[in-house]
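Look for subunit A in each of the two complexes below; its partner is subunit B in the first and subunit C in the second.
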Partner chain A sequence: MNLPGTGAPACAAPRMGDAAREVQARGARASHVPGEAELWILILGDMIVFGLFFAIWGWNHATQPELFAWGGAQMNRALGLANTLVLITSSAAVASGLNLARLGRSHEARLSYAAAAALGCTFVVLKAIEYGQHIAAGADALGNSYFMYYFVFTGIHLLHVVVGITALLFVMQGCRRLQPGAPPAEGDVVFLESVGVFWHLVDLLWIVLFFLIYLVR
Partner chain B sequence: MTDRIRSHWHALLPVFAVWTVLVAITQVSVLESARPASAYVLVAIAGLTALKVALVIFSYMEVSRAPLWLKAACVAWITIALGTVTVLMVFPQWSVALVNQGVSPLLAAHDNTSAEDDK
Partner chain C sequence: MNNRFLERAGAWSALAYIIVFGGAWFNIAGFLPPISPTESAVAVAEQFRERNFPLMLASLLMMCSNWALLLFAALLTLIIRKIEGCVGMLTLMMGFTFATFLVLNFYMGLSFALAAFRPDRAPELIQFATDSAFLQVLGGIPMFVGVWSLAAYAILVVSPRENPIMPRWFGYLNLWAAISLLPELLVFFFKTGPFAWDGLLGFWIPAAATVGYCFVSPLVFVPVVRKHFP
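Presenting the complex of A and B:
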């Protein structure tokens, strides 16, 4: 069995220079769908659904400007910004983890994924604090259309975060099985890419939600 | 050891560079949103948001190396999703009037059909 893209025997322990060249070869490969191709049906479907959510938010913003101006003023922008920075950093950790795994640095990759999962948990905690603040102030999903859409859209996003954290925990377990110093098998890379793509989806959806909920006045 | 450091550097530098740009754009967006509300500010923040989303998709998701159909789908999503929201927020009355103009004939047709069914 040969390592994909190199023609080198899998039993030969590759040097780090070989691994780096392997990464470059994979990176330079044309028309490579990241992760499982079928996963993109879910990813693009999710993007379309959230696109509709964003349009619904924009429509209600256009038809009820006073309510949405009032709702925007109730938002804790510091927590929103903190959550954005947390998710951006966790995305960077996942991208680093993938690149390190491709280099055969399984231990460092595992640490990167652990950092990403910890940051995901931080997001959940910060969101719970924010929900608690709104509920303590008497705002709930049944109060008015602003808070209904706020809780529904951010709640569905939060569900994605929890699913993503679970997937990252599986990746951390998977990294234990990778052979240190050797580039992972093609199937392992596809799995890592798939989880990465999902986690970055969670990040980019939050970036738009942050714009709509916390930045627009 | 040098080779190892070099390979780490090559693998992690682009990730760190994108992270730095994403954090910088986020800070600029927050500063922009603190200015008095105007159409210019809204369009500027929407543009910065689109830039961040594009960076995540094309860099972290590695869509820049994906087939053309996937790149096109992602660009279409960014344009339609953020474009729709921005138009709705910058031109609310125009957007509502436009939608009502399109929906009114449909509602009228529906009412006529319902009335005929009742007969």
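Presenting the complex of A and C:
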């Protein structure tokens, strides 16, 4: 998967018309592993665990269609959609922050990451409002298997969002140390890419959850 | 025998632990899956009456697996100390986490032994002891998740990227294991489904993560001991 903002450095683009260098750059982009290679153990491991979550949800949906139809009707689609747009926008901000940092525009990069973190916080607030609505309406996570899966799966995802926001705060701090106008060191780029990869994972997992919980009827 | 025998033994100790503990749990006790939390007290007591000797033997072996765990605890704490460069917060936290893990590992086996000790007593009392054992080992995550999360923190955050003592992939494996174990917290709330102590997230994934971690560990610890504890 080619994640946005995590490819080869944009500042390394070849001159127009130089076919050989263009081919070489494309090859480098194709073979580039975004972030730390070792990080992908965590990313792929997490995807496997969430893949099991999705399978559990799908299996229960198939075996208890009436309960899941009832549960789906309790969901606030507007809030779900708002959270999806918030996360997608934050992913774009993270990708933009990485590109700006590569170009040496560290102050703008920091602002971009701050926007991503603020959007992440917005997601948490909207999710808390949504949880509050369900609890006020009498949703019982212990007595109703629909709400049990809903609260557990979205809750574990929310934990990922909080971890991601923390990582973005570290990135914002790191951007202060970048030399304005100069491309960042390779280690710094790897760190920014790693946080970006994790944040895109959080985004991707939410999109699947949004589809399963809010859209499938 | 040179004075690095214990460190070298420690490099293999997680594997030894899972062989003793896993052999007792899976093969002798036959907890694959564990006794269901929905099982009646009479049915649980019946199992402890009919299979009294293997269950008592398994309990004893689970308690004895502490010997291997002790070696692993000491070695990992020493490695954390090397990464930290002194006996600081991280080393102390790892030491304390392992101390509680060792206590928990022992008392979990002891609870099973308590259930097997007088199998003719009231079934509810036998079930109380087995509930205690299963909830300790599969719900004891607040105690022992520190082993994985502190190791991940030491390897990924404190350790330098250049020439690290432990490979960074092992740090990420620790982090993933810690995340995979977290859903075990839900075993206190559910008696059926994937979050119960015999469910996919309550038992199978954490069990696979733990067994996998212990089998992989010599690949990491043997070279580390060879290089850093010559």
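Definition applied: the second predicted complex is superposed on the first by the 187 of 217 C-alpha atoms of A that agree within 3 Å, B and C clash if a C-alpha of one lies under 4 Å from a C-alpha of the other, contacts with A are read in each partner's own complex, and residues count from 1 in each chain.
Here is the rule we use: a contact is a pair of C-beta atoms (placed from the backbone, for glycine too) under 8 Å apart; a residue touches a chain by one contact, two chains touch by 3 or more.
Here the structure is a predicted model, which is why all the values come from computation and not from measurement.
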### Query
Would subunit B and subunit C fit next to each other on subunit A once aligned, or clash?
fit
### Message
Applying the document's definition of touch, where does A:A185 land relative to subunit B and subunit C: first, second, both, or neither?
### Response
neither
### Query
Counting only touches as set out at the top, which of subunit B and subunit C does A:E38 meet: first, second, both, neither?
second
### Message
Is A:V124 touching anything from subunit B or subunit C once the two structures are fitted on A? First, second, both or neither.
### Response
neither
### Task
Applying the touch criterion given at the start, work out whether A:L67 contacts subunit B, subunit C, both or neither, answering first, second, both or neither.
neither
### Task
Return first, second, both or neither, reflecting whether A:V49 touches subunit B, subunit C, both chains, or no partner chain.
second
### Task
State whether A:I135 touches subunit B only (first), subunit C only (second), both chains, or neither.
neither
### Message
Touch test for A:M75: subunit B only (first), subunit C only (second), both, or neither?
### Response
neither
### Message
Residues of subunit A touched by subunit B versus by subunit C: which partner has the larger set?
### Response
B
### Query
What is the minimum C-alpha distance, in Å, between subunit B and subunit C after the two complexes are superposed on chain A?
8
### Message
Identify the residues of subunit A that lie in both the subunit B contact region and the subunit C contact region.
### Response
none
### Query
Which residues of subunit C touch subunit A in their complex?
161, 167-169, 171-173, 175-176, 179-180, 182-183, 186, 189-190, 193-195, 200-201, 205
## Note on the structure
Listed in rising order, the residues of subunit A that touch subunit C in the complex are 36, 38-39, 41-42, 45-46, 49, 52, 56, 141-142, 145, 148, 152, 156, 159, 187
### Message
Looking at the complex, which residues from subunit A come into contact with subunit B?
### Response
15-17, 19-20, 23-24, 27, 29-34, 40, 44, 47-48, 50-51, 54-55, 57-59, 61-63, 65, 77, 81, 84-85, 88-89, 91-92, 94-96, 99-100, 102-103, 105, 193, 196-197, 200-201, 203-204, 207-208, 210-212, 214-217
### Message
Which stretch or stretches of subunit B touch subunit A in the complex?
### Response
3-4, 6-8, 10-12, 15-16, 18-19, 22-23, 26, 29-30, 32-33, 37, 42, 45-46, 49, 52-53, 56-57, 59-63, 65-68, 70, 73, 77, 80-82, 84-89, 92-93, 95-96, 99
